[in-house]
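Just below sit the structures, each encoded as structure tokens.
Next, two complexes with subunit A in common: one pairs it with subunit B, the other with subunit C.
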Partner chain A sequence: MKKYFTKKLIIYFLTFFVAVTLNWIAPRLIPGNPVDTMLATYTGPAEGRAILERQLMVTFGLEGNLFEQYITFWRQILQGDLGQSITMYPRQVINIVRNNIIYDIVVLFPAIILSWIVGNKIGAKAGDDKKTDKFIMPVIYALISSPYFWFAIIVVYIFSFRLGLFPSAQAYSGGVRPALTLDFILVFLRHWFLPFFTMFLITLGQWAIGMRNMVIYEVKANYANYLKVSGARDKLIRRYAFRNGVLPQVTGFAIQLGQVVSGAILVQEVFNYPGLGRLMLEAVQRQDFFLLQGAFLALILMVLFANFVVDIIYMFIDPRIRVSYSEEGK
Partner chain B sequence: MTAKAKRIFQKIKSNENLYFVITNKKILFGISLFSAVCLFAIIGPYFANYGIGEYVGISAPASLAAPSVDNPFGLTMNGYDVYARTTYGLRSTIQVGFIGSILASTIGIIIGLIAGYKGGMVDEILMGLTNVVLTFPQLAILIVIAGFLPYRGISHMAVLVGLVIWPWTARAVRSQTLSLKNEEHVNLSKITSNSIFSILFEDIAANMLSYIFMVFIQQFLGTIMATVGLEFLGLGPTRGVSLGMVMRNALQEGALYLDYWWWAIIPGLFILLLLFSLYFINTGLDKIFNPELREM
Partner chain C sequence: MKKRWMLLAVLSLALIFTLVSVDAVLADQPGEGPTTREETVIYTGVSWAPPNNWNPLYHDPQPGTVGLMYEPLFHFNPHSGEWNPWLAEEEGEWIEDDVFYVKLREEPTFHDGTPVTAEDVKFTFDIADEVDLYYSTIWNYLDEVVALNEREIEFHFENPNYQQWQTNLYNQPIVPKHIWDEIDREDIASISNEEGIGSGPFTYGQALEDRMIWERIDDWWGTEVHGEFAPRYVEDLIVYGNNIALGMLLQEELDISNNFLPGTPEIVATPEYNVTTYYDEAPYHVSGNTGLLYLNTERPGLDDPEFRRAIAFALDTDDIIERTYQGAALPADPSGLFGAWADYRCDEAVEEYGFEFDRERAIEKLDEAGYEDTTGDGWRNTPDGEDIHLELQVPAGWSDWENIMRIVDEQLREIGIHTEPNFTDDTVYNNDLWNADFDIAFNDYQTQISGTPYTYFEAVATDDIYGEQATNGNFGRYENEEVFDLITEFNMAPLDSDESHEAAAEIQRQVLRDMPVIPIMLNPTYSQALETHWTNWPSENNPTGIAVGWGGLWQMGGVEALLNLEPAQ
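Then we have the complex of A and B:
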């Protein structure tokens, strides 16, 4: 149990380390130097340019040799200093990121939880019942075969353009000011629904398939046969099969999470919905390196945190780990 | 049935796996659909009535641009042929997917084999690396790297995608290697002091070819998804058309609100068909390689 946990923590730490390093390397990949690129459009006097260049070298952490630059970068990050945005100067990157991450959470959290529950139920039913299986599996395969953004496009076309039920862009309409009033909440929910709905439907398929395969395997296991010959009701066997299938589905959660977050970036793009993914894209288009780095890091931290929570949940629901935990406590 | 056909049939029947492949409905359906989509990418461009950059004619309002005999997939808002864009775009996307997944499979197989066979510290390190890459949201890394590349060709794209997507293969191959490495024939090979290279590839990898093939299909699925996503975000190949880009343009120009649905939806349909067919092939193969699942 302790070993399992340490191992996980090492992985998280490594991931964070790699993320920060990647963040540091990426701007240095561009031929030339970001400062030169930014100064290419500078048209003021030459002395001004020299001062500006010096200033930018300091803010970018481009002073000294590569190793020194790398160390500076780490020091800043550990102090929680993500720098200032270039295009939204002088706003702090950390504040921009904080304003955007809320939207990721309100869409992703309910969508993932709900799709996990519903997907598992569907999968269990399909694994157990041949008729349902024949009918529902092609639908599920079609779901997981559609690219996230394409599915989102279809949702927009049907629910927003054809039926006119929901607005198709932004987190709230331009005329409304964010406040804790009923009006605002209603507007917010109407904008929130389609991105949520898209994420919910499209992630459902993966869970359903995983659970289906688990149940097919479980109902053929010896214990299921034993239950059957001892005259247990089908319902009981099904329940055991489901409970056994749930564990790998929780582990699978961590693996799928990266995919889901990737998909969310695409869905945000279609719905023009704010979030870290959109922020990253904007930063790329405007060459706002600090913003890109900050958003990327926040995204990674979000995924790592979710993984961590799943690990803890896993420890509580897996009887084997739970038992070893309580024995350790003695 | 002629004698020759009979003999061929007998031969196929004696090769059990091949026999199940050609009698499995799911696989047959999957392979036909997959070939059809690929064929469309290969010879589709020759049937295009217009080039990619060729102006066809007035395309507003939307009713004038709807699919017709001359333009089977309709026109874009600026009067270009959607059919041409789709078929050329599909070609580019499949190319990236194919090269990328070969690269990813190669990396994944090598890492998985070594990690599984060597065990101990080597295994810990390699699997640590694998899990780190797996935890990342792939698209986020791809955005960070692709965003900084001034020029992106098909091969750049393939390498980029391949480099983030290999962990799936690595994990799968490792677990298979673990179960194979204590087999008699591997031990025999070890005693006769065969090189580690020959043990890994001739004794272990050769015995999980069917498995590797299935993993390759999954890898291909993943690569195509990632590629199309990147293209849609405007980070695809800098020259030429790609499927994701066509749909990006459609969305940006407001195709959905002016009812040019064919422009935004038809190109993606081909991705759906391509991946759908592969899932069918894979579930079919699963039944063949795991005889337990076969319905007798």
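Then we have the complex of A and C:
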């Protein structure tokens, strides 16, 4: 038990170190200079630009050599200081990230969990039941193979423009002030629904397909045949097949988390919904080093944490892990 | 039974989750309660990043900081050429060759009740002499600001730049001395100033991740003088895509879209959408700046004025505009001048050296100048036999500009010039532009309409090109000492004087002859207004202003448009 965790923690720590270092290097490889970008809108006389440029270079400490910048970077991270955003100067990156990350959690968290649960249920049913397989799986295949942009636009067209049920953009309407009132919650939920729903549908498919294949394989496995000839009920066999099939799905769940971010960028683009994904995209486009690092760091932490949780869950649902580590531990 | 419990558990979890997330959304965004939709006018296409700076002494504060929150001495309508004395009582006056006189109104006060006085005006300019600010260069030609009394100010000049000075009159917001004098000099340019105290009709209300909310000052000094604003809030929604803004406009989620919306003609023509634009028909919008093709005068082929002129004749701007904007833009005059600038247009120069689409003539010109296909690869070479291969550069993702360049590409290939569109990340584009590391680039950064063609001439042929980067215009590094001197001469000539017109004419003649830039079209000031919540938007028949919230344009008709809005019904 202890050994399992120690091993995992060391791996996580190394991953964190490497990821953070890459995170620091990557933006600095982008050609161009962020200060120039900031000055792009400046239209005053030339001398004024030179003055501004000097000010900005000093403010963002972009003048020191790379090694110095790297050391400062780690020191700041350990102090919880992510620096100031270049494009949203003088705001603190940590505040920007905090204000945005909540929207990712609001949309992604329920969508991921629900799609995993529902997808697995559908897949298990389809793997075992020819009728379901015939009718539901084609829909699932269509869902999974449609590009998100296209799919989301169709959904918006139907639900927003044709039926007028949900707004097509923003986290809440203009003219509405956030407050803990029923009015605001309803507005918020109406805006939340389409981003959530499209994300849910698009991720549903892969779980269903994965589970279906696993179940088809498991119900034909030797232990299932053995159970069958021993006179066990179908329900019991299905339960065992499901339990075995769910293991790779849990691993997939952890891997999926990383990819979800790219999915989130699409959701946020299509629905103009705030969030980390779009923040990162903007930061890349505008060469906001500090913002990009901050958003990426938050992401790394989120993914590592989720993986850690999955590792713990795994120990409970897969007896082999539990046994192998506890036996080694003896 | 078990299922029912499960359902209940899931539902309560969902409820808790909702409450927690709403609460988290609220954490940094203290709310003040119910919907204020009917009191709010909602803009999009103004901000493209979360609001973060309201410092009027910073070069690029949140749009509205100047105009809504802080006020300049004058407002100016660059299309009609009308001056609207704002803090000032009447139009300023050159009382001597080098002394400019302004008298303030009696009424203006800052939001804390302190009157706006001559001392505040003096301080606003003096501080730029003391600290490095974006307008500090004004002190290269300004000598002294004298406050004669509470309301009268004289600006004494060392060498009056009559033309350039005009732009300061409507661009420079006046800040309260009693507040800014207390701020550390080092911090003056860098504070974000959300608590700032201006004199304008609106002030900072709330800055959220995806919107900026301006709140009306109910006892604003100008109510008696300029009128009363009907909207209580001005909300600037950040929408990261023109197509999203289009969707929101059609769903009536916003009131005014300053976005480029594809399909404007169709939207305006469909009454049920309830959307209006300045003109009912093409070009729909008021023009905002001149879109130029900058030609790099240091590249093979492009280093020859005859070759550059041939390109001008080869471009069918009507086709470019039709296919890119569905007619929602105007072709540029060969002089590039429009609006208030057009007073200085020199008809003879345009007659002599102007250009129009004439493909045959373009081919003729190239043939005459010796640009023929000597290598047999199908593309023209320089008279020396050098290959010509020109990249057409615009920032990737700027879809209208990309489209322009694709059509330019087609049209130049038609006359045998080997071109190729090159769409790069905008930071790369900017660097290439400023370092003259491009062949042909489309750009309008420096050509925003203003009170004087001086700014346009600078954009085309500034002499500020000998540093490592040329960022103030003349990106193709066109060298002509005579034109450089003429531009300075123009700047120093009194407004509308014979000297000024003569200088302007000669500048146009030489620039058209040498053609360092090709004016393509007038970029529209996009403004699509919804009449569901607010009416009386500016239009051709109701020219109250220009409904736009872009930075720098509030004082050029944006405030006036807002002032004239009336609630629907």
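We take it that the second predicted complex is superposed on the first by the 270 of 330 C-alpha atoms of A that agree within 3 Å, B and C clash if a C-alpha of one lies under 4 Å from a C-alpha of the other, contacts with A are read in each partner's own complex, and residues count from 1 in each chain.
Everything that follows uses one rule, which is that contacts are C-beta pairs under 8 Å (C-beta built on N, C-alpha and C of every residue); 3 or more make two chains touch, one makes a residue touch a chain.
Since this is a predicted model, take the numbers as computed values, not measurements.
When the two structures are aligned on the shared chain, A:Trp150 is found in touch with subunit B, with no touch to subunit C. Legend: residue contacts after superposition of the two complexes on their common chain; A:Glu269 is shown touching both subunit B and subunit C. Legend: residue contacts after superposition of the two complexes on their common chain; A:Asn65 is shown touching neither subunit B nor subunit C. Greater residue coverage of subunit A by touch, when subunit B is weighed against subunit C, goes to C. In the superposition on chain A, A:Asn307 makes contact with subunit B only, not with subunit C.
When both complexes are overlaid on chain A, the residue A:Tyr141 reaches subunit B alone and has no touch with subunit C. In the superposed pair of complexes, A:Ile255 makes contact with subunit B only, with no contact to subunit C. In the superposition on chain A, A:Thr15 makes contact with subunit B only, not with subunit C. Shared-chain residue A:Asn222: touches no atom of subunit B or subunit C. Contacts of A:Phe161 after superposition: both subunit B and subunit C are touched.
With the contact threshold set out at the top, residues 30-31, 156, 160-161, 168, 269-270, 285 of subunit A are in contact with subunit B in one structure and with subunit C in the other. For subunit B in complex with subunit A, the touching residues are 128, 131-132, 134-141, 143-145, 147-150, 225-226, 228-229, 232-235, 244, 247, 251, 256-257, 259, 261, 264-265, 268, 271-276, 279-280, 292-293. Of all residues in subunit C, only 14, 17-19, 21-26, 28-29, 31-40, 42, 49-50, 52-53, 59-60, 132-137, 140, 189-192, 206, 208-211, 233, 235, 237, 239-241, 244, 247-248, 250-251, 253-254, 425-428, 430-431, 434, 445-446, 448, 464, 467, 471-472, 551 touch subunit A in the complex they form.
Put simply, subunit A touches subunit C in their complex at residues 30-34, 36-49, 51-52, 55, 59, 85, 87-91, 95-96, 98-100, 102-103, 105-106, 109-110, 156, 160-161, 164, 167-171, 173-181, 183-185, 187-189, 269-272, 274, 278, 282, 285-287. Across the complex, subunit B is touched by residues 10-12, 14-15, 18-19, 22-23, 26-27, 29-31, 141-142, 144-150, 153-154, 156-157, 160-161, 168, 216, 220, 254-255, 257-259, 261-263, 265-266, 269-270, 277, 280-281, 283-285, 292, 296, 299-300, 303-304, 307 of subunit A.
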